[in-house]
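What follows is a short report on a single structure.
Chain naming follows the written order as A, B, C and D, and within any one chain the residues start at number 1.
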Amino acid sequence: VNFELQPVTEPGRRYVALAESHVADLALWRVAHDKDGTFVAESIAALKGSGLLAANVPRELGGLGNTSIHDQMVALSRLGRGDGAVAIAANMHAIFVYFFARDWRAARAAGNAQAAEGLGELLSAIGRKEATYCFFFTEPGTDVMHPRAEVTRTDGGWLLNGHKSFVTLSEAATTTRASFKLVDDRGVAHLGMALFPIDRTGIEIKYNWDALGMRGSGSHDVVLHDVFVPEGDVVLLGEYGAYSEFFLVSAALSNLGLIACFLGVAEAARDEAVRLVTTRRTSGGKLLAESPAVQHTVAEMEIDLAVCRAMLARTGQAANAFLAAYAPGAAPMAEMHELNRDFQCTKWVVNRKAIEVVDKALQLSGGSGYLSRSVLSRLYRDVRAGPFMQPFSPNEAFQYIGKVTLGLDPRIE
Amino acid sequence: VNFELQPVTEPGRRYVALAESHVADLALWRVAHDKDGTFVAESIAALKGSGLLAANVPRELGGLGNTSIHDQMVALSRLGRGDGAVAIAANMHAIFVYFFARDWRAARAAGNAQAAEGLGELLSAIGRKEATYCFFFTEPGTDVMHPRAEVTRTDGGWLLNGHKSFVTLSEAATTTRASFKLVDDRGVAHLGMALFPIDRTGIEIKYNWDALGMRGSGSHDVVLHDVFVPEGDVVLLGEYGAYSEFFLVSAALSNLGLIACFLGVAEAARDEAVRLVTTRRTSGGKLLAESPAVQHTVAEMEIDLAVCRAMLARTGQAANAFLAAYAPGAAPMAEMHELNRDFQCTKWVVNRKAIEVVDKALQLSGGSGYLSRSVLSRLYRDVRAGPFMQPFSPNEAFQYIGKVTLGLDPRIE
Amino acid sequence: VNFELQPVTEPGRRYVALAESHVADLALWRVAHDKDGTFVAESIAALKGSGLLAANVPRELGGLGNTSIHDQMVALSRLGRGDGAVAIAANMHAIFVYFFARDWRAARAAGNAQAAEGLGELLSAIGRKEATYCFFFTEPGTDVMHPRAEVTRTDGGWLLNGHKSFVTLSEAATTTRASFKLVDDRGVAHLGMALFPIDRTGIEIKYNWDALGMRGSGSHDVVLHDVFVPEGDVVLLGEYGAYSEFFLVSAALSNLGLIACFLGVAEAARDEAVRLVTTRRTSGGKLLAESPAVQHTVAEMEIDLAVCRAMLARTGQAANAFLAAYAPGAAPMAEMHELNRDFQCTKWVVNRKAIEVVDKALQLSGGSGYLSRSVLSRLYRDVRAGPFMQPFSPNEAFQYIGKVTLGLDPRIE
Amino acid sequence: VNFELQPVTEPGRRYVALAESHVADLALWRVAHDKDGTFVAESIAALKGSGLLAANVPRELGGLGNTSIHDQMVALSRLGRGDGAVAIAANMHAIFVYFFARDWRAARAAGNAQAAEGLGELLSAIGRKEATYCFFFTEPGTDVMHPRAEVTRTDGGWLLNGHKSFVTLSEAATTTRASFKLVDDRGVAHLGMALFPIDRTGIEIKYNWDALGMRGSGSHDVVLHDVFVPEGDVVLLGEYGAYSEFFLVSAALSNLGLIACFLGVAEAARDEAVRLVTTRRTSGGKLLAESPAVQHTVAEMEIDLAVCRAMLARTGQAANAFLAAYAPGAAPMAEMHELNRDFQCTKWVVNRKAIEVVDKALQLSGGSGYLSRSVLSRLYRDVRAGPFMQPFSPNEAFQYIGKVTLGLDPRIE
């Protein structure tokens, strides 16, 4: 199976092998959580316990030392084979660790001891399996470039108010990062971010996640009431509503892991369908796999998976190359739009094809796949989450890709 | 909206208007049943109470006197806008009534008073809102042309044993029809059918329906233990496993109503999506509907619905013409294959496009459509039931259509 | 074949039968013209000679008396089976005759003897096989709502200058109608039209049609140098660049015949493919039709044709109903947009599916279909003309359909 | 443009750069040959003259020393941007040289001086720009695994009779290889091959290539009348009609270059479409590129190209790895089927998407793209050749992919 995603670095190989070792348990544990919509606590605990959530932590700080965003994508796709909800939760945390470690390496390379030390502490806490990260990012009724959550001045810092949604992993996180609008003293609006402990006063997790699929991901709403953010903890990431490295690179690469989770979901559906048709027989006694129509449908699935894998592999390699070529903050805007344009192509294709693969697996299952007890009916619900992930919605992605390709201003109308 | 399905007869217009009057209630009542998987009892009671379930009963026997299979299809599509589970349950019953009434008219036209009387009694019981029908048809692990349920000789009749599944409406039915294998004294295998009360000894409804969607349809498994079937109640419908009028015409036309239910599901999704984009605004304050990408997606949905409606209208009219041209039992085999081939084209397209319309409605909804409380997340689960309905699965339909078109023996391999 | 288009009126049946009688000759004669790009003169002469081009002329004025736009669509689809270039040329002329006859009936119904007489003369000339019509409509570099051809004042009328393209049938036409911009004395710009003989001074047919397909249609460029248009011959059809009955109804219904031509092209490809696979054998001696993959592809073609036929039938019937419901000039704007929206759905689907059917026929042909001598290679070139026909291009159609559906101003941006 | 194919070796970079230097001339020269169907002699002469046709010849024998099948694929895609007919002709020759050079390296590594010397002479003749190769392979009415051309015993060798078709490059070739059936003395049928000069007695090139597209490729029929093949020149490649390394590896990798040619054709169409929409304006004066619908269509093309490029890149790299892992004759059958299965996925996708990209470019062109003088109308004809290339036809490919995936006997029925 040459198209199957494979790690390209040695630490990545360990990361992927570790992910594979969890798949069977995740698939088992997911059943009850999917049914009652409760958080996949034991699965996340297992990933934490095995060190998988510390895979990006440098070896000297207690991790596997993975530096390949491509290989992290592969590892997440493997988790997705077991439980998509766990995989997207793991991605949420892992992307933080990836960028902390990247910044730590950059700080060390630049001789910036203070930054290196601070990041090193964050990474060590993860290496010691003490810290888990989530993100207060999405909000209802607006897009991620325009958060309505906003900070206002208070003594020694800011007070943050707002309403966040889809806060995956919120039940297990120790620490979170929030995005918000910050209007400075000159009236200029910025995109601001801050890290803080998730038990800080004023943070109300609503425990209300109840969705079509990904039911174990704990993606609750979170309401923020006058959450205090110390002055020094605020990071400004560029003009409010404008493209920046954060959106074009960091958000895109976070999403790369996400869409790999959906490849894993599709792969699980494909495996189940192949299992069914190679074990069940028609009323006439023939193996279903011997039917030309079944072979045709299996070929369609195989082609769709090949497309997904080829695009993910190429995009992951391009991401590795991009991150190697440019230090944080150093990439030209045009290059970042090219990277993001290519990523948006991959995202659209993989999310769509993953849905189609699951649909075809259901087609091969006969009516049994429609029953709640079938893994296929669960995968059908999970896989549809993919296209909702921002940025961009499918509606926006075509506009963005077209504009970048045509050399026009790529703002979404 | 010229493509919207419209009745073509006067009784049909009353049927459709009656169906429309139920839509809002069905949509309301479905919510709880969808959540806990319980049967839509009050919705079915309402359809019974209003006379909708007697629409095909001749006026002199207490019904609306509908004789148009096309118009019944339209009425079912309207029910599907409110609740797909109710619509497919109503179809199950209605198709029986339709053929009882057709046979009654044929018996009267042929001067067969005895047959007319017997059918008249069945119809009158429906007209009096006393009888509701379901069908013991599908079985796990085989197709509907090859039931494994089988009768064996006993005094004065037969004993029926078997295991049926997907018995929609079983909770509300008073009467059922079962399909089975009957091997006669010469060793020839036939497809047999019989009508009997659903409370007959030996019938065990398993109350185990728990599926991805259509959760309120009560489509339980039913186990048959030595159910007694009197000699005279058995009807033989042709050679076991062979094509017959029952499969090519009756089963196809039953399915015509079914796929219309899925059009209704898609129409409901489209309406909800249009409602969302014409009331919600972007972070910049523009109505979502003003976005070119939203307009493009809405156009795709509109085109898909136009395709479904055009095919259903044409197939419904062809079905009306076919039923008018041939008395029961009189249609040539080649004509029946043509009818069924055309129906299979329509079935495949409508089931597929209905799924795509719901998918696009989700796309337009942003993340909110993925929440359990969104009607779109319910429609996404319901609409996927369409392609499972036999005959034929999508895997088989292409083979069948191709063979009939090419003039080959149309048996499925 | 229940989905096949069939006439719904008695004169329409004669029209269609006449069209069918020409198919074999058209298919024969097309070969040489397709090769060298010359006009299909003998085919057009045959249609004229048989009275087909006078089918819409009232019986009392020498025609077949067809009044059904649906049935004309069916007749044109039949011509398309023989030669798409002839069919689109016949459509160009026939749509004129259709609207002349409709206006003649309206004038008679309204007791407008003068108008009836004028139109009666035009129709009689067609009935006597003397007049053939083409249209100076499309122009390079602009759309048909914004002609750059323009009239300027001169003694007793106007001088028309401009450059028209895609003037199908220009080699055989006796008379033409031109669209142009007319700025009145108050500076208001109108869309103007005028009928005049094609040999009027200043009309230069360029005889330069050389295209991928439809090579026999004689769709030359025409340059207009100070062509004199008498004052009384100018008809104003509404504000320049604005929607009007002309665009929303007449242009749409002209296009309905056009897209039916492409259905005919697709049907010819399907027939050829079926012929090939039911006569050729594999190296192993099996008929190609016995291959499951061939059956699958044939089923795909059959489904695509069913979709096209269902949509055309329904749109043709809707058009008949619309024309019956509203006298010329009497339809409300919203109704006209609904009609045109529905037509645009049909147009997009039929043009696209026709292309796909031809593509699949090629797929079934093996390499032999790629040779110039194969009818399939000709149909592949012809069928791609469909989406170019204005209004609207596929790029615009989605926008238009979306806007009308969403209740927005349907102007194209 | 990260998805664009790029060479991965240093000699490959020179190969690709050389190919790029020819593009403009090929595009210019193709016009006349496409019109009159004559062979692209000056283009092939230019490729020969520049050394491009010797790119796979080892440096010490006068070539560029390319050893990467991936990079050859990239170079051929570049030629395809200029003229698809030239590109497929170049592929025909280049794949011979590639395998000669591979065998030469293997022979040297194995210390087989005699084989190395013979192959070295062939390669030197190519390095000296003296020899050009074509292939007598395809035949009408059978597939390439079952040639009907056959050899019969004669003194000192064999007499070859048969009829070959699609013999691309036959006008320029000095040498050819023929496939044929050879029944040995025990009655066992083999697939045989032999190399011989193209001017050998009995070879009749029919000079009859006249096709929809690829009109300059000189892909004539060739009739073989008692062509003498010396005993020692016959190579047996396995059982007649059975899978072998020749079919699963060599034929697949020949096709890899072919499909890359069609990527080049699609890229040329995309570039032309982008040029048009970024220079033309609507009647209202706006650049076409500013239209949301145009941006949407451009995005669709970009996504399709990204898919093609990702799959080709991954398949090319897999091919490089396969050729590095296994010496000629050493690969296990199952591995070869996996390689070919993956290749068939890529082939199907790239051929189909290339067609769609050209179709969308036409859509963006408005009517001007349909004229014979438009490069897009030429690309539309050329690009459709892709799916005809054996093995396998699309009809067969799905069956093959499905069977290999399901672990069934992968013979085509």
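Keep in mind that, in the parts below, contacts are C-beta pairs under 8 Å (C-beta built on N, C-alpha and C of every residue); 3 or more make two chains touch, one makes a residue touch a chain.
Please read these numbers as outputs of a predicted model, since none were measured by experiment.
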{"item": "Between B-D and B-C, the pair with more C-beta contacts", "value": "B-C"}
{"item": "Farthest-lying chain, centroid of Cα atoms versus that of chain B", "value": "D"}
{"item": "Mean-CA-position distance for chain C and chain B (Å)", "value": "40"}
{"item": "Rounded Å distance, chain B centre to chain D centre (Cα mean)", "value": "52"}
{"item": "Touching two or more other chains - residue numbers and ranges from chain B", "value": "292-294, 296-297, 398-399, 413"}
{"item": "In the complex with chain C, residue positions of chain B that touch it", "value": "1-3, 274, 277-278, 289-290, 292, 294-300, 302-303, 306-307, 309-311, 313-315, 318, 338-339, 341-342, 345-346, 348-349, 397-403, 405-408, 413"}
{"item": "Parts of chain C lying in touch with chain D, wherever the complex brings them together", "value": "138, 140-143, 145-146, 148, 165-166, 210-213, 241, 280, 282-284, 291-294, 296-297, 355, 359, 362-364, 366-368, 370-373, 377, 380-381, 384-385, 387-388, 393-396, 398-399, 413"}
{"item": "Contacting residues of chain B [partner chain D, same complex]", "value": "292-293, 296"}
